[in-house]
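Right after this note come the structures.
You will see two complexes here that share chain A, one where it goes with chain B and one where it goes with chain C.
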Partner chain A sequence: MNASAKKRIGPLLLIAPAAILLGVFLVLPYLNIVVMSFRMPGQGTPYGPGFTFGNYGKFFSDFFYVQQVINTLWIGFLTTFICLVLGYPVAWQLARGASAFRAFGYALVLSPLLVGIVIRSYGWTILLGNNGIINRTLTGWGLIDGPLPLMYNALGIIIALVHVFLPFMILPIMSAIQGIDPSLESAARSLGASKVTSFRRITLPLSLPGIQAGCILVFVLSLSAYVTPSLIGGLRVKTMAVTVVDALIDTFQWPFGSALALMLSVTGAIVVVIFGRLTVMKWKA
Partner chain B sequence: MTEVSIEKLTKDYGQGPAVNSISIKIAEGEFISLLGPSGCGKTTTLKMIAGFEDATEGAIRFDGRDVVHMPVEKRDIGMVFQNYALFPHMTVEKNLAFGLEMRKTPKDEIRTRIAKVLDMVQLTGYSERYPRQLSGGQQQRVALARALVIEPKILLLDEPLANLDAKLREEMRVFIRDLQRRVGITTVYVTHDQAEAMTMSDRVVVMFGGRIAQIGTPSDIYERPANLEVAEFVGQVNIIRGKVGNRVVSTAFGDVPVSGDFADGAELMLALRPEAVELLPVNSGATGASAKVLSSYYSGSLVDYRLELAGGTVVNVQTFPRTRFADGDEVLVHAPADRFWPLGSAA
Partner chain C sequence: MSKPFFTVYCLIIYAFLLAPIAVVVIASFNAGAFLTFPPQGLSFRWYVVFFNNEVFMRAIRTSLWIAALTMVISGIIGTMAAMFYVTHAGKLKETVRVAMLAPLLLPEVLTAISLLFFVYSVGLGTQNLVGMIVGHVLITLPFVFINVSASMESYDPAWSLAAQSLGAGRFTRFRRIMLPLIKPGVIGGCLFAFIISFDIFTISFMLKGVGMSTLPIQLFDYLRTNFTPEAAAVSTCSIVLTMAVVVISEKVLGLRIHRF
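Presenting the complex of A and B:
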């Protein structure tokens, strides 16, 4: 083997473990799902003999499923937006604030990830339920007459998802802001910009790469979240992830469940691509 | 055109003053350098003039008006940063327009002023480039243009040439100085590079430990340093010691007359610049102290010698390489009496 061939093989060897992992446990199962989505529904078996487009037909002909995709996207959008609004100031503080606060702030930001997802979601049911702490306190203080509908609806799901996914918004934005030379803000100030204007014209646009990454992460995670929506949404509000699992496990319709799963992935991917196009940064190399 | 007056300016971060009651009067259109080693307070002083740091005490006046409590954006300054601080997400044109937009300048005027300033810094045709598409020297000139296009009261430069290579640095020195003269703007230039300060400034402020050691023209600073620290910081210097007696210091070079009040018998330090010393062949018949060449360094236009005088005094001498001496040669050294500058009593 000559030297240049060796040079090319070196990096390939390094990425091989990750590539194999992804290939075997992501690409192959995905291909399997694609094939499964075209199989005939079975009678008492997961799927029947032969292939059909019927699973997709069922999806598009029943507005119930389309509506569910729309609901899921909405929950994703709102969760992402709220995470952005809540997370940006925290990210800024962590990147530029006093260093004494930083270690503590870091721990706080990561804290939602330190508790298992099931425990965390049950925790929210204790807080948000009709007989939960929030409703009982507010009723006790005489602020409300009956319980506020905080659970078994999109609101509850969004609250819980924002809580879990906030770190995924904060960390990329924080690292983007840390990468901005503070003298740029000084330069803007010296040219006559107030602190607010200098933030709006300099810091904010330069942190866009972090905002972009954070938004995509949170959005994708929200779309595919299962445990939180199923525990907090209950039977009344279902996201696509919950419906997919219902189809696969409860009603044992593997082909239809696969079609649903793919429709969710495809719509999610389309949204991410459009978002990427809209936030393209010409100034970056 | 603005006159800047700094009065008893002090900055204390809580661990003793970083800038200790300094006063400087800067005339309209004057180019002044703050020169000193890192940590001497020169950058802190500049930041206080700009408004990035609050002054603990003292006043900063632009044309008589105290600006100490005025926020940065109201001070009407143009600033050039060490790393240029160009906005990476904006083209050259947008970078230059930024300050004018903040001043609500009409669009047409913005366009004409940008064209004018680009011509001034010789970057016409670069307006659509992003900063990352420019070389270091070009970025430097954009930064300069961005600071000047707003026609500020004063121009502040914070080690603007530190990131350029040696050749470009020398070109930019001349470029900045010419530009400043043409525009006639009052300028404060911070540097730790004495050659920059000397070649560019009308006056140099030498700072050590938060205090002003000396303010003066480049030749004041070089030829008549206020003390040993200044003498050693600005250029190379030989410190010649000798005893005072009857207004004369007896040194290894012979007797040097000194003006000034020095008590007889005191040990005095005299500054002698290496290029002030003449080197002559022993057989030239000239008068001078005899010395031996220890080593020499040839750098094209100049030769640096290390010599040992009688009594073991070692001096550095810089000459044009018209007559060359080899290591070990015996030579005569001579320095005119007026090139010895008394620095005060030796400790």
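Presenting the complex of A and C:
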């Protein structure tokens, strides 16, 4: 090997382990799951010989699964929307507020990310359960007679998901607002624009990329969330991710489980692309 | 919006973010047999139960082992990739970055499922830790990559060239020039990989071997059927452990960990 070839190959050795890892254990498995979704269901084995479209046929012919995808998308949509409404003012405060408050707030927004998802969902079961803190307090004050149904339904799942994913909405919006030159806002104010107008015409449009990134992140994460819907929703309300994992772990229907997982991912991706197109159009307009 | 109103609003959101975590910590000191609020007196009773529960202790040991192994493997592979990204990637820079962040952008549940099928199909089996550790390395790799490449932002290739012209070999240049510069990023990235790995649920849940479990899995199983404050004691210990790692790295070692 001559010197120049050696010089070219040397650096490639740095990236080789990562490339092999991602190629073998990420790309190949994702291709494999597509193939798996066309396999025959097995008898006593995870999958049988031969290929079929039957797994997708089963999905579309059973309204239960279609309905579940719609429910999951709806829960994801509501979670994203609530995160945006709750998170935007906080992101603004973190980007533009008084500096003492900022460091404190930043640490508070990041700290939930360091606590495991099982523990955070568990905290919500303590708060939301029929004998949970919220219901007991309200009953104790005489405001309600029986416990409010806060858990084992979509409401509880959405509350907990908003909590889990709120930091993922706040952080991208925060960095988008930080990137806006403050003199633009002062210019608008000096030209007579009210605070509201300057926010509506300057800050909000310029922070749209952050909003877009945050919304996509939260939406995708809430579609694929497993732990929170499983612990809060219990057996009564199941999102698609819970059904898929149960189909794989409990009943070993690998081909059908793959088809379900891919249908959810594809519909999720379509929603994200449409949302991306819409927000870009609005941004240009 | 007026200013005081705005501040109060933010404080409410912060309280909302902390509430479920605070509740778990408070519940762990409950003296009673059930989760009631306010607690029926304070005690360490459930910590004693937890420390004597061999199932949980074994799960903690497994989690620590996996996190340590993941940290080392992910740290080495991620650091090498970050070095390539900063100094040699050239036109491929954006491709390398997207590829390295891919495990973070793909839904974890889909990655877990596809990895389970793959590991089973190629006969690695689920009787050992290989599948699980590969999964943990995939998920933690982006964090090492982000931290190391961020620490190399100010790196000037001229320094390496200067050392080379003075006769330093490839390894000496790495050890004397590159490593001291990227050390904070490597340590920060590794510690963060450790924390993330310690908390990973979905990947571990799908790829766990028969009869073995990590702490999050054990806790999840326990919560499906039990409601005693023991789970709160377990959770509090886990929270304290991760917080300790962060505080030590940021306050004692003075590192700035990049989480995104």
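Note that the second predicted complex is superposed on the first by the 258 of 285 C-alpha atoms of A that agree within 3 Å, B and C clash if a C-alpha of one lies under 4 Å from a C-alpha of the other, contacts with A are read in each partner's own complex, and residues count from 1 in each chain.
Note that a residue touches a chain if its C-beta (ideal position, glycine included) is under 8 Å from a C-beta of that chain, and two chains touch if they have at least 3 such contacts.
Because the structure is a prediction, the values reported are computed rather than measured.
Annotation: superposed three-chain arrangement on chain A; chain B versus chain C shows no clash, the two fitting side by side. In the superposed model, A:116 lies in contact with chain C only, and not with chain B. After overlaying the two complexes on the shared chain, residue contacts for A:186 are found with chain B alone; chain C is out of touch. In the superposed model, C is the one of chain B and chain C that contacts more residues of chain A.
When the two complexes are overlaid on their common chain A, residue A:127 makes contact with chain C while staying clear of chain B. When both complexes are overlaid on chain A, the residue A:99 reaches neither chain B nor chain C.
With both structures placed on the common chain, the touch criterion links A:43 to neither chain B nor chain C. With chain A as the corner point and C-alpha centres for all three chains, the angle toward chain B and chain C works out to 90 degrees, nearest 10. Look at A:205: by the touch rule set out above, it reaches chain B but stays clear of chain C. No C-alpha atom of chain B lies closer than 15 Å to any C-alpha atom of chain C in the overlay. In the superposition on chain A, the residues of chain A contacted by chain B and by chain C do not overlap at all.
In the complex of the two chains, the chain B residues touching chain A come out as 50-52, 71-73, 76-79, 81-83, 85-90, 98-99, 102-103, 130, 132, 146-147, 150, 156. For chain A in complex with chain C, the touching residues are 10-12, 14-15, 17-19, 21-22, 25-26, 28-30, 32-33, 36, 46, 86-87, 89-90, 93, 97, 101, 105, 108-120, 122-127, 131, 133, 136-137, 160, 163, 166-167, 171, 220-221, 223-227, 231, 241, 244-245, 248-249, 254, 257-258, 261, 265. Of all residues in chain C, only 1, 6-7, 9-10, 13-14, 16-24, 27, 35-37, 76-78, 80-81, 83-85, 87-89, 96, 99-100, 102-103, 106-111, 113-118, 120-121, 134-135, 137-138, 141, 170, 195, 198-199, 201-202, 205-206, 216, 219-220, 223-224, 231-232, 235, 238-239, 242-243, 246, 259-260 touch chain A in the complex they form.
The touching residues of chain A, counted against chain B in their complex, run 181, 183-184, 186-194, 197, 201-202, 205-206, 281, 283, 285.
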